[in-house]
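Below, each structure is written out as structure tokens.
The two complexes that follow have subunit A in common; it is paired with subunit B in the first and with subunit C in the second.
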Partner chain A sequence: MSRKIILVAALGILFVMFFLSMEEMEDLFKNDAKLYFFEHGLDDTGSSNLITAILLDYRLFDSLFEAGILLVAVSGVIWISRHDFEERNAHFMLDKYKTPELFVTLSRFVFPLLLMLGFFIILNGHLTPGGGFQGGAVVATAILLLYYINLERKTDISLIVAVVKFAYLGIVLTASISLITRGEIFTNFMAVDAPTMSKYIYIIALDILIGINVALCLWAIFTAFLKEGR
Partner chain B sequence: MNPVLTFIVVLIGLYGLATSKNIIKSVFCVTIIESGVILLFLNFANYEGGAIPIVSEDVAAIVDPLPHALMITTIVIGSAVTALALIICIKVFHHYGSTEWAQILRREDVK
Partner chain C sequence: MNDLMWIDIIAYVLQFMLIAIAVVVVLQKNNSTIVLLVVAFSLVVSGLYVINHAPDVAIAEVAIGAAIIPLIYVISISRQREFIVLDRAMDDFIISNNDFTGIGYVLLKRFTDYYHLELNICNDPGLCSWEAGPDKVICEKTNVDLIVSRDEEKGVYQLKGKESSLLMTKLAQMAEDYDDIEVHTFTERGFGE
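Take a look at the complex of A and B:
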């Protein structure tokens, strides 16, 4: 009991410290830096969605390692969940007699719609909220529904990881083309004075590659979990 | 929404991390702390009259897109960390037969 009182007191001290420093933090992102993005973002990157502009152009180095960390996590998950015996899907999660028939039927209906929504989000990353990471997650969700439709589905994780490695290599190479065309690395490969409408080819190309990367990584992680329960 | 409320979410996560007896609950608490941090950053960016950061004809003022972009990184890394933690949880369960902190730490071969 006394432990919990000490814990609550410590958390209270943390709360007071946060409360005192909050007034300085509140003005952190309310300065004029956003005006730069608002005025130059569309011309610089060709992307109306400024979040995508920052992710794929201004701070591309961040996004590269973000996708890389996902790849490393998948490698770790697969390495930890490696078995010697024959692998098959866990039946406590996907039991034919426990999964309602309505759910399976609805999955068949929702699957193409969800896949289409995911591709829409990936391809319109420069116009509407979304992009490679979000659309890839939606596509991965659509793929996971396939496990409910066909319970005995077999998935080759090593093939998925091989494709993911090539997708990641594609991201790095696409980001490096600007070294030849512009003379600086990790930015848009179209010329600086190119029309804004043609600059979003780069955004779409990178969004598609990141979408493939994220969707396949999440698929591999889920498959590893599915085979782990035995 | 007040940033203080988001910090309360972080504190709830810390309290759960200190008191939870199950490994999987500890992983969930890490996720709760992470969502508190995400809400905190989005609160800092938000202000009255700021539109979502998409440039178009009829938008006069936008919120700062930088914290939104940073939070995508947080979400992706958080999902990666959660996946790794949960797969280690499953391995621990298969090896020790339990996911309770107390039962695992009580075993002789751990020390």
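Take a look at the complex of A and C:
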């Protein structure tokens, strides 16, 4: 009983402290960083979507490690599931896990649209909401639908992992080109006074590489889960 | 001003829906219902993100929370309910008269129905290897739960299940009625061995 009282008291204290800290939040919203990004974001990075500008230019160091964490997660999942690199599809006498016909028909209709939406989000990361990560996740969803249409689909996981490694290497190398052109690592490789139009190229290239990385990583994780019980 | 008020009302409704869905997820027992509720949760959350001017996060939430996670959960749940049998006897134990009417099938079907599992039978002998001896089986490529084989000397069928599986006691109890069926266990190769 006393334990419960202590728990409730602790929750009450947390609640009061949360409300007290709400007043401090006022200072946070008056921050100068926001105004700075509003004024200089488009000129500095060539991206009218300021989230992409921050993710791929001002704070690129964070994004690199985010992509790296996905890579580590994939290797962890594959190691734990002891997934065999040699694919072996055994023939089962009673396969009851047939996908419902309605789902298959709808998936066939939705698949190209989803793929197109994914590529749209990746390629327009500098203009519209979204970017490499979101677009990659949508493309991965489209690919996963194929496994529901045909349950015996074969996948070469070692090929996926190899491509993911090269994509990650590509992200790091693209981000480091600026060391040669600007003398400063992990930023846009175009010159500082280049027109905004040409600064796109860097954002689009990085978005495509991150999209490939994310889509293939999610694909590999799904395949490992698909084979787990079998 | 009028528009702003509507958005506020929608935001409050969505926040109360979040709490309701979270409570129902904890109380639910059926796995597939829980998956659908998790999808509803992420859709509501992404709506709140859009109202709070974060469309980037909303797209990520929809793609991950409402598409990829349920797809993975659906596959995992269907695998969890599966009971895989490897048939090495290859005679009328499972299939007789070109139909699933053999005594072994009837027994296994009764057993899996008792635990609400889905029975699945495979006769590909390459799935497991017996290199380490008859009692130590390595099934790396698939997760085989039970191996059916025929002992020619004694003239009985042997059902070998994992030593770690608690279901084997019940199967042995069920097989007591049959004279020509024996239930044994095999040891698996441990993790990382």
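Operating definition for what follows: the second predicted complex is superposed on the first by the 200 of 230 C-alpha atoms of A that agree within 3 Å, B and C clash if a C-alpha of one lies under 4 Å from a C-alpha of the other, contacts with A are read in each partner's own complex, and residues count from 1 in each chain.
The rule is simple: a residue touches a chain if its C-beta (ideal position, glycine included) is under 8 Å from a C-beta of that chain, and two chains touch if they have at least 3 such contacts.
Predicted model, so just to flag it, every value in this text is computed and none were measured.
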Item to complete: On the superposed three-chain arrangement, identify whether subunit B or subunit C touches more subunit A residues.
Response: B
Worksheet item: Touch check for A:Ala140: first (subunit B), second (subunit C), both, or neither?
Response: second
Practice prompt. Check the residue A:Phe225 against both partner chains and state whether it touches subunit B (first), subunit C (second), both, or neither.
Written response: both
Worksheet item: Between subunit B (first) and subunit C (second), which does A:Pro129 come into contact with in this model arrangement: first, second, both, or neither?
Response: both
Item to complete: Kindly classify A:Ile51 by the partners it touches after superposition: subunit B alone (first), subunit C alone (second), both, or neither?
Response: both
Practice prompt. Mind working out whether A:Ile121 is in touch with subunit B, subunit C, both or neither, as first, second, both or neither?
Written response: second
Item to complete: Figure out whether A:Asp193 sits in contact with subunit B (first) or subunit C (second), or with both, or with neither.
Response: neither
Discussion item. So in the superposed three-chain picture, is A:Glu23 touching just subunit B, just subunit C, both, or none of them (first/second/both/neither)?
Written reply: neither
Practice prompt. Check subunit A for residues that touch subunit B in one structure and subunit C in the other, and list them.
Written response: 49, 51, 129, 131, 133-134, 218, 221, 225, 228-229
Worksheet item: Mind pulling up the subunit B residues that touch subunit A in the complex?
Response: 3-4, 7-8, 11, 14-15, 18-19, 44-45, 47, 52-56, 61-70, 72-73, 75-77, 79-81, 83-84, 86-88, 90-91
Worksheet item: Which part of subunit A faces subunit B closely enough to touch in the complex?
Response: 4, 7-8, 11, 14-15, 18-19, 22, 25-26, 28-30, 33-34, 37-38, 41-42, 48-51, 53-55, 59, 62-63, 66, 69-70, 72-73, 76-77, 80-81, 127-129, 131, 133-134, 214, 218, 221, 224-225, 228-229
Response to the item:
Counting only contacts in the complex, subunit A reaches subunit C at residues 49, 51-52, 82, 84, 88, 90-97, 121, 129-131, 133-134, 137-138, 140-141, 144-145, 148, 218, 221-222, 225-226, 228-230
Discussion item. Help me check something: in the complex, which residues belonging to subunit C touch subunit A?
Written reply: 55-56, 58-60, 63-64, 67-68, 71-72, 75-76, 78-80, 82, 84, 94, 100, 118-124, 126-127, 140-143
